[in-house]
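I have a structure here, written as structure tokens, and I will follow up with some questions on it.
Lettered A, B, C, D and E in written order, each chain numbered from 1.
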Amino acid sequence: MLPRRIYQFLIIFLLGIAVLFAVKYLFGLSDYVIPSPADLRDTLAAVYKHYGADVASTLSVAIIGQVVSIFLALMVGILGRQTTWFGSFIKVAAYNVQAYPIVAIAPIIFILFGDGFFSRLLIAAMICYFPILLSVLGIMSEPVKEIEHFYRVTGRMRWQLEVKIRAFENLNKLTTVISGSATLAMAGTIVAEFIAANAGIGYSIRIALYQSDLSKILVALFLIGITLAVYQGLLEAAGRMIGKGVTVTR
Amino acid sequence: AEGGKEQLTYRLKWLFNVSVMGDLYAGEMGFFEGANLDVTVKEGGPERDAIRELELGYADFGVASADQVIRALSKGSPVVVLAQLFQVNPLQWIYRPDRVEITQVKDLKAKTVGVTFGGNDETIMRTLLASQGLSEGDVRIYSVRYDYTPFYRRKADLWPVYVNSQGPIISWKLKRAGERVAFFDPSAHGVKFVANSVVTSVRMVREHPDTVKRFMQALLQGWEAAFKPENSKAALEVLSKYDRDTPRPILEKQLAMTRKLVKPADSVDIGTFDREAWQQTERIMLEQQQIKAPVGVDKVLIQF
Amino acid sequence: MALSCNHIFFQYPGASTEVFQGLSFSVKQPGFNALFGPSGVGKTSLAKIIVGEITGYSGKVNADGMTRLLYSYNLERLPDWSSVGRHLDKITPDSKEEHKEALVEVFGMTDYMGLRFSQLSLGQQNRINLMRYLLQDFELLIMDESLANVDEMTRESIILKIKAMFPDRYFLYISHNFVEVSKFCREIVVVRGPLKQPQTLSLTGIDLKSHQSVDRDRLEQTMLEIMNAA
Amino acid sequence: MLPRRIYQFLIIFLLGIAVLFAVKYLFGLSDYVIPSPADLRDTLAAVYKHYGADVASTLSVAIIGQVVSIFLALMVGILGRQTTWFGSFIKVAAYNVQAYPIVAIAPIIFILFGDGFFSRLLIAAMICYFPILLSVLGIMSEPVKEIEHFYRVTGRMRWQLEVKIRAFENLNKLTTVISGSATLAMAGTIVAEFIAANAGIGYSIRIALYQSDLSKILVALFLIGITLAVYQGLLEAAGRMIGKGVTVTR
Amino acid sequence: MALSCNHIFFQYPGASTEVFQGLSFSVKQPGFNALFGPSGVGKTSLAKIIVGEITGYSGKVNADGMTRLLYSYNLERLPDWSSVGRHLDKITPDSKEEHKEALVEVFGMTDYMGLRFSQLSLGQQNRINLMRYLLQDFELLIMDESLANVDEMTRESIILKIKAMFPDRYFLYISHNFVEVSKFCREIVVVRGPLKQPQTLSLTGIDLKSHQSVDRDRLEQTMLEIMNAA
């Protein structure tokens, strides 16, 4: 499974690069617009260690960010699932926060929380939590009648139980979204690094952008992609295992 | 072309603001039309690169900074520089003279200096420090982001700004709070890093020299006219049409400030190459290994 | 304590015909009673009206003195995150521990308490579901085809056990089995199509208890009555 | 419903502003760090017309972007639902694209597609499609056995039918995600405008940031929020109507 | 054409006991045959093995010459996006148009064809589901409690109609109703717990056709045999 993901990613990446090179040679573009293969190779050799370390550091923040945002999404989703005033209030709040371009609220975040690790984590989590939230909201607001009936009529229904039932019945959907959100956590962390400009691959990308060095950017994209392919693969394997443990003979 | 006018696209480096005053003026006041050209002046932006667009054919002329040009040359891009718009680089550092006093480079010692990693200001600051034998450890570098909060909140003593466009706005804000500001200008300390210049492709120069000539004449006439004191009202009119978000009094200040950078003296024609500054820029980039080998930027500076 | 419905009129929103046009019936005594009638006549709807799961009807439901009316049906499921045994433990009040053990045995579920719900056969699922309702406090329990997928022999023992264990509760047993209803139920409320008046007829079943044997003739007689009524 | 959304948004926004002012006065921050109420009021009066028009233009692009990304997500989700090689390939591709910070691929997009409307739409859609995709993938990869059985054993199952069945059974979840994704389309469009520096409220935010004008940013956020509250409310009402039309007596 | 299972061994993955330990049986002639046995004995499992929905068993299933084996069960649903009538139209081959009309009538569903599946009563749902299977091409149809929630009278007419309409097809009728199975089925395969050997017994039912009347004694005799077998 893991190797498959990786070579699939390689195919995709190479396809992308091939398209770029095709454009380059078709239109006779200089190395400034699209780097030459030699350029790319040299850049890779020159920066892979340092970028690799950057990606690793970004990934580690992303993982924390993902955990935070899963937690956040579950909380908001659970509160927002009700059709009460408060539920819809929470939803309005959660949706609004998402609509704001992060660059616009970043200054406010920095004012409120300083420029430490927390702010960056928050930015990463804010980018990552929303898709999970949407799924959680969808799942949590739909009753599973045949299961819930008993608990409801016997006065046993608590919100925890309700949440548990609905989550459990939609476990596949949840694990799909959660493992998929790793991608978003990564993107979120990179954006945070890009904005806060301090460390990680987002920071390196920013520098490469300032120097309009497309080959560095391509190397960064490559490393991000491959790291994510591995991480994603691991997450999905874990998700499948949970799924199996739970529904071994369903 | 149809109707006799040649269609051209001119890609700026940044958003419409005072830094492209002459470009806007030339367009609005009919200078291009006078040269029988139909020029679409397009805004630049953070992810825009005029040199790339020249090669891709999305633009015919553009504005790029000297470091972009040198980098492009080092990667074999067929780019030609037609005019140097800023005689003095507008990238300077703002500070509060009441808190820190910076009269020479050595005064930077132990100060917290805002630097955009990867940006021109990093290159300039490194050069400045090196020129006085200071090492990076002698100052505290603060990583610059999109916003000014760290400077506002005094977490940094110096913060990079474009002195002609952002300078007046920020000075005005701080003045309202009763604070004074001053600017630290690297070029006054011997570091002349060239900023915006007009570029086109080698092919354009080779195949349509006449077009290039007419375009440049019209453009530079526009720039000259925009900064004539008697035209300042008209210039402000044009500017406020494109830069709706800046209040008039600030536009006035910006215009005056920009004049000092593009036309430091009446004797200097706008667009003149400061060849020595270009060579220095190339040297700096070579020293800092932003390019691998000399590119001889001198050869592509073509005065039309 | 008694259960009665008076002049119930009901139509599903958007439906073109009424399910009930002035339906009335009453069950005056506790015991194992039946709600009987052809498929589609409205038994499930009536049950839901009684327990309040359907609103929007007109008429009156009286459940004097009864506060806990439960409705169970054969499509319910238990969550699959633990074995049915653990689920049962969880919802059984301490005071009913003995009840539980007796029920598990009579229901023939002893061997399956370690399985999850989805691992059970249909009839086993039906049984475990019914069982958990029986372990609640209730005055009235409606069993909507709750034993539909259980074999007849097991079903018989279950019914007899329920009758012995809860003699003072009201049950409404919904089933399509003539013999069973005639044999074990006390009052049999036969629901008929909305065009027939009255919409219900109440008959008396044999109400067989454990260790009693059936009077064949009476059984046939009763079955005939029901058949004619429906 | 609509008015409720709006005043809930107002409450949230005012709460946010209140926190900012609290911080301002608590720490004695000057007007250039956090604008004063008077500042805000003046800015609002000065720019609300022009910003309002910007937001309207952004919204109109966002709506197109949303439609495109719903379409994209459905397509990818339907292709990627299978556990075949091709399905996982599509998924890897879709996930990877998402992981890349948009700022890093924007230059490539501009190289390949120029800087017209299409590039901006593409950027907006790329930001918006992923959460929908995750949900669609989750929903599409889970069989609805009791319904699908018949079609499968009688050889009638086509992928269109399979998709229809699963979508229909999860209609609530889908409409939640789709109406929620309006938010993302808006954010995506703003980011695209921010990067491409062309028009709309994203462009105005860019300028305000450049001028370090927090009060303008706050006004922009306000207008974005209120517009979105209205749009979102309309979408949800529509979603409910579809739901009702379809499951009137379910 | 004949259906037989030989030496089937099967255990659910993760389960502790085997469902089948060398189960064998055969049904040699087309007609309305039954699969009978107590709840949880493995009827559903066996059905799924026959049609190939369960794999991982050992032994051999022979369905010589039969290519279309269908399995239908009582929990199936029709999509709710159009009326059951339209669904039925859609899956009925032109050649079976008449069949369809006849079935709709006998199944007592004429008035309900305009409703959606979720608007039907349980028994109506069962009926519409079974109906669509009958309108397919098949050589063997397993009906797993397909009529469990339908009233006995309707059920009887349905069974008689099926027998009259499809005399040359194989049916395996899974039901818990003694009387019905004895009365209408031809061969009755009684499945017994895994500890009994052999695991199945084959009995002969009365195989009643339309307009025939039951021989009371034979019926009782058959029922007794079944009861003893199980």
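One rule holds for everything that comes next: contacts are C-beta pairs under 8 Å (C-beta built on N, C-alpha and C of every residue); 3 or more make two chains touch, one makes a residue touch a chain.
Because the structure is predicted, anything quoted here is derived from the model rather than measured.
Under the contact definition stated at the top, the chains bordering both subunit A and subunit B are D. The greatest number of inter-chain C-beta pairs in contact is found between A-D. Subunit C and subunit D have Cα centroids lying 50 Å from one another. Separating the centre of subunit A from that of subunit D, both taken as means of CA atoms, is a distance of 15 Å.
Inter-chain spacing, taken between the CA centroids of subunit B and subunit D, is 36 Å. The mean-CA centres of subunit B and subunit E are about 85 angstrom from one another, to the nearest whole unit. Residues of subunit D in contact with at least two other chains: 29, 33, 103, 107, 111, 209, 249. The residues of subunit B that reach two or more other chains are 47, 49, 52, 56, 146-147, 149, 153, listed in rising order. For subunit C, residues that reach two or more other chains under the stated contact definition are 12, 15, 75, 119.
Those residues of subunit B lying in contact with subunit D across their complex are 15, 43-49, 52-53, 56, 58, 146-149, 152-153, 165-166, 169-170, 173-174, 176-177, 179, 244-246. Every residue of subunit C that touches subunit A in the complex is listed here, in rising order: 51, 70-73, 75-81, 91, 116, 118-119, 129, 132-133, 136.
On the side of subunit A, the complex with subunit C involves touching residues 146-147, 149-150, 153-154, 156, 164-165, 168-169, 246-247, 249-250.
Residues of subunit C that touch subunit E in their complex: 12, 15, 37-44, 74-75, 108, 112, 115, 119-124, 126-127, 145, 148-155, 176-179, 227, 230.
If you check the complex, the residues on subunit D that touch subunit A are 4-5, 8-9, 11-13, 19-20, 23, 29, 33-34, 85, 88-89, 92-93, 95-96, 98-101, 103-105, 107-108, 111-112, 130-131, 133-135, 137-139, 141-142, 170, 172-174, 176-177, 180-181, 183-184, 186-187, 190-191, 194, 202, 205, 209, 214, 217, 220-221, 224-225, 228-229, 232.
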